[in-house]
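Here's the structure we're looking at; comments come further down.
For reference, chains read A, B and C in written order, and residue numbers begin at 1 within each chain.
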Amino acid sequence: MTGAALVSGLDYAAVAVFALTGALAASRSQLDIVGFIFVASLTAVGGGTLRDIILDRVPLWVSDPVMLLVAAVAAVLVFLTAHLLESRYRALEWLDAAALAIAVPAGVGVALSEGMGWPVVLVMGMVTGCMGGLMRDVVCNEVPMVLKQGELYVTCAFAGALVAVALGAVGVAGWAALTACAAVVFVLRAGSLALGWRLPVYRSRPPRAPKR
Amino acid sequence: MTGAALVSGLDYAAVAVFALTGALAASRSQLDIVGFIFVASLTAVGGGTLRDIILDRVPLWVSDPVMLLVAAVAAVLVFLTAHLLESRYRALEWLDAAALAIAVPAGVGVALSEGMGWPVVLVMGMVTGCMGGLMRDVVCNEVPMVLKQGELYVTCAFAGALVAVALGAVGVAGWAALTACAAVVFVLRAGSLALGWRLPVYRSRPPRAPKR
Amino acid sequence: MTGAALVSGLDYAAVAVFALTGALAASRSQLDIVGFIFVASLTAVGGGTLRDIILDRVPLWVSDPVMLLVAAVAAVLVFLTAHLLESRYRALEWLDAAALAIAVPAGVGVALSEGMGWPVVLVMGMVTGCMGGLMRDVVCNEVPMVLKQGELYVTCAFAGALVAVALGAVGVAGWAALTACAAVVFVLRAGSLALGWRLPVYRSRPPRAPKR
């Protein structure tokens, strides 16, 4: 498989899984079917579109509109089946973990293919992985997962992207590096969700001045 | 009227009417006059700017700064007159409906003029129509209209854009298709506001895990 | 100092000071160290990135990734020392005032160097100054400073950018104009924070329809 095909495949998979998470968030907001498709699409292509705009590429779904169909189908699926889930929020968390583990290497791969230096590669992995979910959570008024206290999230994206960059520096690139990146992201995020892995949080004092 | 002039005229009208809605949201947040102008401008050009960035065009107000003046004048008007309205929120909803009905064909027209395929045309109609209002509502901490439970909103934008695409497919384009698009958007949205038209929402269960 | 070096120096300074404010917001949300770096970086480069995307430039931190290091170092500093502050929110407000006073001339300088007309120069000063902080506040669920009732904020950015444009019109440009711009922004914002300077706000009526 060529690098371009690999990265494009990752983009498709990330779109599909992020769309499922967006549709689950829509079900928690009790939207109608078009609202499901809207939030699913925003979540699915949000991170990749931001990545492509920053790198001055044509956004993924403009060059390949089938991605929009993928997101819409995922939204319809969730609209029809979400009541079968015992806990939609739990499903949302685990699907989001899978999507993160796919989208971070997608971002890393695109940034490498554009010849970016390693700091930009790191950030692009994090942007592609985290920003779609952040848009979903801000729009649906959920607590942004990316900022949830006492969980690893951005850290997983950062560690995965770092592994890909480090492997690249020692000559391991292509699908091996991107697979390692995905594995690191998913294992860290799963450890945080299932086992409570975390970094020490800033605890000195809660805020006194009011937040909204 | 040429296609370019028509689309440019739609952009102007959408800017003016969306600016009114932004200023009304600012009055609900009790901002000062510069805050009115800021929210009005963000709402007015937000959707069109996103459309232009995605399509790699110069954003509308960069190539034509008079649009900023239009938004500022609309904000000042509302600052001086909003106390005359019986219900600012009702006015906001109806002006937003009008702005949506103007901005969707504006987005469709630009995407067609850039030679995009129909899925991208659909999305551009929805982005141009919905995103300025979404930015307004997130920034002012209003319930996003685009996601209000039990109302048609994205659906109106989607249906209008679909009509324009379908008319284009059977050879009806230009102002006839864009007028039909605007009419469909406004009628659906008005029906939702005045008569309670809606699609079935996802009702199986309200969320249990807390939202913020 | 050449114009380009001056503007680049302003960008660096704005990144550093905005990153401090982002990290303080992260401490109020009790995030971990990677969360600090994430919010600090978003705040630090958010406004400048938006400016660069709108003007179709390579975003500042893509062309110069050292900026990301600056933001990360600032975040770590705050993580280690924020408990020494008597009031983090007060520190956040004053650092944000300083960052605003640096970022507005940075935006004005870039827009001038791209040959933009004065309305776009004004808006670019405001976008570069205000948008990073707005992203920080929306993501961390703080009351957006930019919209805080009864304070000058956007007004300071607007006045500063206007001074730079006016000085340019009478032949004073370069560092003199940008320094005057920064001084106007900071004095107005400091006057608002310390002495309660304000414009009359829209007070006719508080909103009746619910906000979220």
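General observations
Note that in this section a contact is a pair of C-beta atoms (placed from the backbone, for glycine too) under 8 Å apart; a residue touches a chain by one contact, two chains touch by 3 or more.
Bear in mind that the values here come from a model prediction, so they are computed numbers and not experimental data.
If touching chains are joined by edges, the resulting network of the protein chains shown connects every chain directly with every other. Interface chain B/chain C: under half of the residue numbers present appear on both copies, so the contact uses mostly different residues. Distance between chain B and chain C, defined via averaged C-alpha coordinates, is recorded as 28 Å.
Within chain A, contacts with two or more other chains are made by residues 53, 56, 138, 141, 212. Residues of chain B touching chain A in their complex: 53-56, 116-117, 119-120, 123, 126, 130, 134, 138, 141, 144, 146-147, 149-150, 152, 154-155, 158, 198-212. In the complex of the two chains, the chain A residues touching chain B come out as 26-39, 41, 49, 53, 56, 58-59, 61-62, 65, 68-69, 79, 82-83, 87-89, 138-143, 212.
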